[in-house]
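Here the chain labels run A, B and C in written order, and each chain numbers its own residues starting at 1.
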Amino acid sequence: MAADQIQHTHSGSLSVQNARMDFAGNTVLHDVSLEFRRGEVHAIIGENGAGKSTLMKILGGYLSATQGQLNLANADVQFSSPKAAEHAGIVLVHQEILLAPHLTVAQNIFLGRELRRGLLADDRAMNAQTTAALEDLGCKANPTDRVENLSIANRQLVQIARALSGEHHFVIFDEPTATLTPVESEALFKVIARLKEQSCGVIYISHKLDEVKRISDRVSILRDGKLVGTYTTDDLTPMQMATLMVGREMGELYPPKPSPHNTTTALQIENFSVAGFVHHASFSVMQGEILGFAGLIGAGRTELFEGILGLRAGHGRVLKNGAVVEFKTPRQAMDAGIAYVTEDRKGKGLLLASPLTNNLTLATAEKFTSGFLMDRGREEKALDEAFNEFDIRAKSRKMDAGQLSGGNQQKLLLAKMMLLNPDVVVVDEPTRGVDIGAKKQIYEFIAGLAKAGKAVVVISSEMPELIGLCHRILVMRNGAIAGEVTGSNITENQIVMLATGTQKEAA
Amino acid sequence: MPTFDFKNFDVRGAAPFIALVALIILGSFVHPNFLTFDNLIQNVATRTSFIAIIAIGATFVMAAGGLDLSVGSMAAFTAGVMLLFLKSQEVDAGIGTIALAIGLAIVVGGLCGLANGLIITVGKIEPFIATLGTMVILRSLFTYLANGGSISISPALKDIYAPVYKGTLLGLPIPLLVILAVAALCALILYRTPFGRHVVAVGSNEDVARYSGISTNRIKLWSYIIQGLCVGVAITLYVPRLGSANSATGLYWELQAITAVVVGGTLLRGGAGRIWGTVAGAFFLEIIGNILTLSNVNVYLIGAVQGAIIIIAMLVQRSLRRA
Amino acid sequence: MKRRQFGFAAAAAAVAAATGAKADDMALTVAVSIPAADHGWTGGVVYHAERIAKALEATHKGLKVIVKTSPDGASQASALEDLTTQGINALVVLPHNSDELTGPLKAVKAKGVFITVVDRALSDPTINDIYVAGNNPALGKVAGDYMKGALGKADVVIIRGMPIVIDEERQKGFADAIAGSEIKVLDSQFGNWSRDDAFKVMQDYLTKYPKIDGVWCQDDDMAVGVLEAIKNANRTDVKLVVGGAGMKEMVKKVSDGDTMMPINVLYPPAMVGTAIELTVAGLMDKVPVRGRYILDATLVTKENAAEFYFPDSPF
């Protein structure tokens, strides 16, 4: 078999020639030819639906192309399964977390190829190797932690460690930093640099163009299933990349910050604590203001707002429009006009196996009734309006939410929460895993909310996003508000110093 | 849009009905009397009523991601309370007494469901364990009420009540009409009310439901109450049949109800409920038994054939879904 | 030796009870261990055990009868240990199953307790001093003989219980009785000793066969369902339904002269009473009782029905 030959070939590039992929009569990839070299970081960028994932799945053995040829080290190859691709040294690091939640970190990393001593699993050896692998990635998890207790970022790192634990000549990363904080991303970039030194080929898919600019050697751009071109990264600016991706001039990614309406405080929080996560946080947000929340993953930002909004236990004084309120259930917060758009749209935001209308009206079902029954006509009308207002693109009105792309899911989630007609909106990681076109639309929408006089809180781990959008940014560290940056002080440096606590040492 | 949309044709939803039709065609070859009004409607449809109505309730519980193993014992207990009430009123009992007893059975069923729901939501006990516990408790309470034997009402009183099981209205057996009425009402609740939407949301992803401001405990509680009310309704049809209940009453009904729900296309793990599928599933199970008794299959092998037909039906349903 | 132990136990019981029993009055403690009332027949066992216990205590001074029910074999084994610890002279036991309880009963026997086994035989027959049981093959035979005589040439259907030994024995007794007669068995299916299941099976029999002369079902619970199914179908061809075990509702029908159900065949739960009385008779009245007692499967007719009718029994 061809794959056997390849195993012993330790040099040479990976290429696809005239790859074409048809799904149910739709061509999602048209005659794409690309070459990936060892010792090089090759970025693939494109909007959602441009064909990046399909291409990666062909390379990784998850799909076989309708037409075209795969070539590794000058020999034609065919991968019948992901296992065959891994055998040939090509591994794919998935964007979705594909780990067994109840097993430990080490058990996951060695799942299916456990080290043994005699008949028994050699836990000591596996734990030791896991510790070393995680240290390389800058991950602080223990080999014996159960995966379900890890943060999403750590799970992603465990998944990367698992992919790299076998022999690899080409590593494909599918949006690896989508869930990582800047610090963790830095650790990953170091790993990528080392892979490169070891003359491994890295194929890097990302929506974050500044990252692409920074770490890649060459960049290929896909649009509507066709290859726009392959460029030397140094020759392009991120803005040029974006223009090539969308096929038109992008303009500014961030809309101008709307000038604050007035100085009426919409929501004021005093001494709010959430056991184990947040201690004595106090802040306020005004009508028409966009307030950012920055911090490392685990700093307590999400937990703070979940506590305030009745999604988890917490205590402290909460004033809405000057009146003291207490939210024991999420419904009470909603009724008071506060909407929370979760960071976990697949796990907590949308029913992936339910139709679009049912998702859209889930939080406001009582508003769509006539008598005791749901009024389907009005629901359909609400979906039309959501399609228009948020530019949601769905192949069919009857499809399930899970079949939408990430960006469209995020827009649907926003539309769902906006039906509550809130005057305070908390958006948590609003653009995670969302392509650049949809990102721009979401930013415009957030700015629009502020312009309409609503108070907006943006929790994000993407600093450019916070800097581009917010009037004011609070930085959390270890469950407390570490500081505030505003006006001309809003720089990445300032935020990182507050988030990591380096400021104190400097001062 | 009245045109038939092949692309969006709900194969999964239609599968139980296709299976039912296939089974009826099979049955018509087994015995000439199979395809008669007396057999299919007067006998089989009527005696399916208890399981069908209980399974409709189970559809709510399972769509919301729960499970109720106590329905069989709950049925026996409810029947016991109802029969004891009737016995106590025997001297000058009439239609009024029976109406009162029917109301009592439905209330008792609802209270049993409330108890299950409270143990599961407030007590935070896994539904499997909670309802396994109430299953044993209710069975024991029935044995206590029956003093270890059976509870029967006088033949005279039974004759007044009997038409509820044997009688017909517009040519159709009353229990069949009750199934249709309960199913229609429950389908309306599950598919067309905010509550129904919330049931499905809680079953498919409890976190999403919570983050959408839904009180998941309230939804779960009500799903168990509906289950209990359905058990009560089923019992008001069961008691007039023999006018008695004993330790075999309701035995394994929970398994039959759960099987009917799953055969009907509702997922065991929750997130979708199919009321009419459940009704079809209940008929499907009862008709298998009917066909096997009418056929000349070796009596010792009846169980094997029964199990095989259920598995084949599920396999066909699954392959249809993939197509 | 046995006598010495008895004397010791009796003295202990007498002291414990601290009653004013006369020195020559014998004190005796008998334990009765039976399954809890989990279906109609065992409900009858509990009822009769308590009835006879009370009656014997009234007539025998110094006698104490402890009736203990257990829901399953394992708890019956622990109950036996507890009873033995309390100090008993004799044990009347209807074991849940012989495999699980033969060992524990052997241990009780080793303590010198007089043992009477009811209905279900132990794997080691040397343990019991008295064995009292109904006659399963005879239950089938008496029913078969009666149907042969009453119907002559006829088509009958059978509803069996569950596939276990008792069912097999009854079935075989029936088959032997009708062998060579003009009775033709159309069908024979399981009704799980349940009214509801028997109702279904009977409905389907009535659909399947245009003419049925007689029905034999192994147990009176199932007969309840059978009678209702026939009534609902408005069929007049069925002339005879024979049940078994002597449930009070059915015995009442017999004594009232019901035409479709003119007889019953006994497999009486009251056999536990027979066992207790024999035990007490042997130990207190000093009459010889050791041995095996197989009760007749008595044919209950309109004439003798009153003898077997217990309106207060749950069965």
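Following the convention adopted for this analysis, contacts are C-beta pairs under 8 Å (C-beta built on N, C-alpha and C of every residue); 3 or more make two chains touch, one makes a residue touch a chain.
Worth saying up front: this structure is predicted, and the values here are computed from it rather than measured.
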item: Minimum number of chain-to-chain touching steps separating subunit A from subunit C; value: 2
item: Chain nearest the overall Cα centroid; value: B
item: Distance between the centres, which are taken as Cα means, of subunit C and subunit A, whole angstrom; value: 73
item: CA centroid of subunit A to CA centroid of subunit B, Å; value: 45
item: Where subunit B and subunit C are represented by their mean Cα positions, the distance between them in whole Å; value: 35
item: Footprint of subunit A on subunit B - complex, ascending; value: 8, 188, 192-194, 197-198, 200-201, 204-205, 207-215, 271-272
item: Residue ranges of subunit A touching subunit B (in the complex, touch as defined); value: 311, 329-331, 333-334, 340, 342, 344, 347-354, 358, 361-363, 365-366, 368-369, 372-374, 398, 416
item: Subunit B to subunit C touching residues, read off their complex; value: 31, 33-34, 36, 38-39, 43, 47, 143, 146-150, 152, 166, 241-242, 244, 246-249, 251, 289-290, 293-294, 299-300, 302
item: Complex contact set, residues of subunit C against subunit B; value: 36-40, 42-44, 46-47, 160, 163, 188-190, 192-197, 199-201, 203-205, 207-208, 221, 224-225, 228, 232-233, 249, 313-315
